[in-house]
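Quick one: this structure, given as structure tokens, is what I'll be asking you about.
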């Protein structure tokens, strides 16, 4: 067991720090959260900077235009960019972390050539059309229909929880092409151009008051058959294959950020006197233990991925269960530190607290994650 | 909403207190926990004193030899006997609180005349033969078999978690008389004499180190058909009917006892300095809230029973869920107060802590109780 | 002992519930979220129904009822998410002219917060130097007064105000359990209602257990008015409301996460109420002292 | 960075596990419960296998390995419920003659408790005036020393002893998860294995999550030997062991409640270990200070 980094890894870190120190001051001012085109432009600018510096697609395979970095290098990249306060991946999230890897793994040479380079350069933005109002935890029950009409699929239905839909060029879309097949078998993966006729995007306001998501309504949208990745009705497998790209790094930046927040919380408690309450102090101490452990668990998973070529999604379920609870506890503790000010949306951490409510729901509820851990790791039987 | 007691209720309480003050000093010394015959004799003596004073079968119907007391009077009785440090019901538990009421409700006049008076006088002790090694939460899956042979049932199988089996005269026994029927339909209720040939009682040592329970092995034990209460194969209904006797008083004594323990804990914390730790102090404060509420919930349930003639078992599930958790928390807090002494079995509360581990398991696990609450009170659907 | 609602108490509770169902339904709630501000007509109607004058003696033009009835009424306003400084106005009846009839909207300084300061006609307590917050609860405008120190000493809270807040929290606890159960019964995933899954079932069961335990504590405190009972009621009702609303959100999944869903409003209001009356620390400490007193 | 077991570390762990499986199986455990006392022959065998001399330099006749290897070895002794003052003897190797070979059984005063005082050959620390307790753990005889005040100041605990105790707790956390899963897979109620019910499934999943999180913390602390990492490891391992053993008991239902079942021994030992090393309060406080240091 070795927690020190190799000379090569330290060198990678040093060069990255050096570049960040130079690059970050040249960034424009951050755009307003409500200005989607400005946000896209900002995120695209940052991605272009990464591209020019050789950091774009760090974890992508080299033959897909990526840098083929090791999981540990990816961890260092995410750790250092978070610590330096670099921009988040933002509008490029789906392109870089889901649709891109899917196309890299399952696309034809033509598809890879068409779609991957613009993602790496930050030229094209992708959004995700997976969830539907009636298909949440049970994603495979999705009902958005597509049928063949000549060289196109005609798609009708609706999607929900789509981030960046307002500014996306493409949507990685799951549609049902065979309603008579078992639910996992009749699904197809399509790349839908967001400027196609028949698409309506409606912003979806969350309980945090913001419109980070959208609903996407599809009314006989024509998507060329050439935009299908993988075989017809094989979309479920195509989508799942990307999960095998998960190499333990999914929450690196978030854990680093939580540890920073925790330190800020402790210092704020010292300033406002809450530190004198041993109940609060010991709660902060326990959170320190918690996030130290989550950081070590991250390093463990990344090392496992590096040794074995990939962490199965189930290892991610263990991490996500603990992490999502810890992050909610972090922001509940922030509310304890703030006292009455925890009711003020203008105070640091209050909006974050609202957002943290989704952690035990989004990307697989804690209930679903526990099923995964129990059935796939522990081998407990499925219920009847 | 009225929490004051009526003049009649106050009078009942005053006379009871007066009697307890006189009666308790006349009790012999408590027997050793390992001396079953002495325990039986002690419990019988106390029951006889209650009988002579007119308190035996307080909550039983008058036509069964009881006093027909209201649920509130029963609450007062249990509260006052606990506060006065009177003996527990002990060996007479099954007779007074389960087998007796079952016979009172479902027995023939002959059966009532034969079995009820000795229970009230403390002359005969009953034990319960319900659970089996493979039938715990799923009691109705019990497999102890009985078949007719002339005027007797011949019973073979085994029972577990039987208290007072060593000294009982009778066992209320559930047996399977129709293996081909759906599992709830083929069960019969029998009164088995414990001196019948073929019965072997083996003490069952628990994690607390004591043998409060026993296993009972039955090898072709003959039980007269006349000892059957209710119809053949109707034993499940016969057994369940007694639950409708539950009038919210099941945990009265225990809640009173927990409140006393909590006060002792706080005083011990003051003595040994643990009181200076605000984390512990506030935990004690919260437990005070908890047990105050549980006492009020008891009063609520008893009043509801008095108004409506009975609290359904599901109201009892709500109470038991909260109470069993609170009682475990109480003894975990006791361990915090004791510090290193929490490892010493000779210290007060340490054995109680071990016993408290069973509260979320015995008489329906918390998981089963939550199912009951969700399905029977909230109307959520059964899983497939 | 008859620790059950009397016929009159049932009638009162049902009456308030029906009034609120008629005058503050789901549509009205949505309107209020979009533009909060006490609905003066509704406020007068509540006054006419006796919500504010409930505990004022009949000789003084009041309804002449007691704390138990007030607790039942405020449980209903809590359930309905009715906005406005209802408890402060209720407590001002008989002291502040017009409070009893609902003509005057009265708020009060509670610790370092004032709810509805701008919209109220009368403010009790010293609100000088109050600065507005951007309130997490869209239905409760807030101002901050006093020093920026969460632990700073504040005036001892009025136990009646604490108890009525606990009643509102109880209303929330009950309502979010109903919302969760309603969703769990109808929402289907994996080919069955999600309420058929034990994980969801047990979340709902625990919500009910917390709500019913809090109910016993709140109702009893209304009968006894004992300070320790009030502190206990407050702790259990806060817990039942906040954890209940959280679990309700969890049961709703993504569908509860939208602004349009009612769930988040309950959670946010529960958070606001949990800040009233001096915080839980004092309640826990007083209940600890009660054990050795 | 290679935060994974090396080949050698895996071999060491497997070796200890096999030794214990051979020399301290379920029957030996039952015998030990009936008459506790370190098995001197086994003790010497452990000495020969290097458990006590593990971190002693080769020049001093030791194995010359480090904390990570010690943590892996004591995780196995924890898992196996191996009785005796193993950690104290390990820490005495190189100082107390015969400790390294297992000839001498060494115990140590830890706060106000001494384990195995009567049976040990050497006691480190001041055990004068020690009085025996009736130990809750049948496999750990205990004596009490010093004043009867749980909060009294004690010597600062040795961080290595704290970490090795955390390793034992980790062993328990892992083992009870396995026991629960094993039971849940085979025990049938309502016509299916109880592990098919979500409530049981989720208890088991949470046990694994706690164990795996604790594992990362314990192994990392072994690598860094950083005091804050050790404190974190201790908190998480205590939680994983105690709550895990409790949940394991819950999964077993009545069957786990018998003296013969292994489950209660894990819980009781986890309670004993949680009292070592100065209690969790100090660990939490030190981790709070670490945030602002």
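As written, the chain order gives the labels A, B, C and D, with residue 1 at the start of each chain.
As a convention for this text, contacts are C-beta pairs under 8 Å (C-beta built on N, C-alpha and C of every residue); 3 or more make two chains touch, one makes a residue touch a chain.
Keep in mind it's a predicted model, so treat the numbers as computed, not measured.
Enquirer: Can you tell me which chain lies farthest from chain B, using the average of the Cα atoms as each chain's centre?
Expert: A
Enquirer: Taking each chain's centre as its mean C-alpha position, how far apart are chain B and chain C in Å?
Expert: 39
Enquirer: How big is the gap, in whole Å, between where the Cα atoms of chain A centre and where those of chain B centre?
Expert: 54
Enquirer: Centroid of chain A to centroid of chain C, CA atoms only: how many Å?
Expert: So the centroids are 38 Å from each other.
Enquirer: Could you list which residues of chain C touch at least two other chains?
Expert: Residue numbers touching two or more other chains: 197-200, 202, 281.
Enquirer: Mind pulling the chain B residues that touch 2 or more other chains?
Expert: 277-279, 282, 367, 370, 383-384
Enquirer: Testing understanding: with touching defined as stated, what is the shape of the graph linking the protein chains, line, ring, star, complete or other?
Expert: Shape = complete; every chain linked to every other.
Enquirer: Enumerate the contact residues on chain D facing chain B in the complex.
Expert: It is residues 111-113, 133-138, 142, 144, 148-152, 188-191, 194, 197, 199-200, 246, 249-250, 253-261, 263-264, 267, 271-272, 275, 279, 281 of chain D that touch chain B.
Enquirer: Where on chain A is chain C touching in the complex?
Expert: Residue list for chain A touching chain C: 131, 133-138, 141, 160-161, 204-207, 209, 272-274, 276-277, 279, 335, 337-346, 350, 354, 357-358, 360-362, 365-367, 370.
Enquirer: How about chain C: which of its residues touch chain D in the complex?
Expert: The touching residues are 197-199, 202.
Enquirer: Over in the complex, which chain D residues touch chain A? Could you list them?
Expert: It comes out as residues 1-6, 9, 68, 177, 181, 184-185, 192-193, 195-198, 200-202, 204-206, 208-209, 212-217, 219-220, 222-224, 228-229, 231-233, 235-236, 281, 283-292.
Enquirer: Within their complex, state which residues of chain A touch chain B.
Expert: Residue positions touching the partner: 277-279, 282, 383-384.
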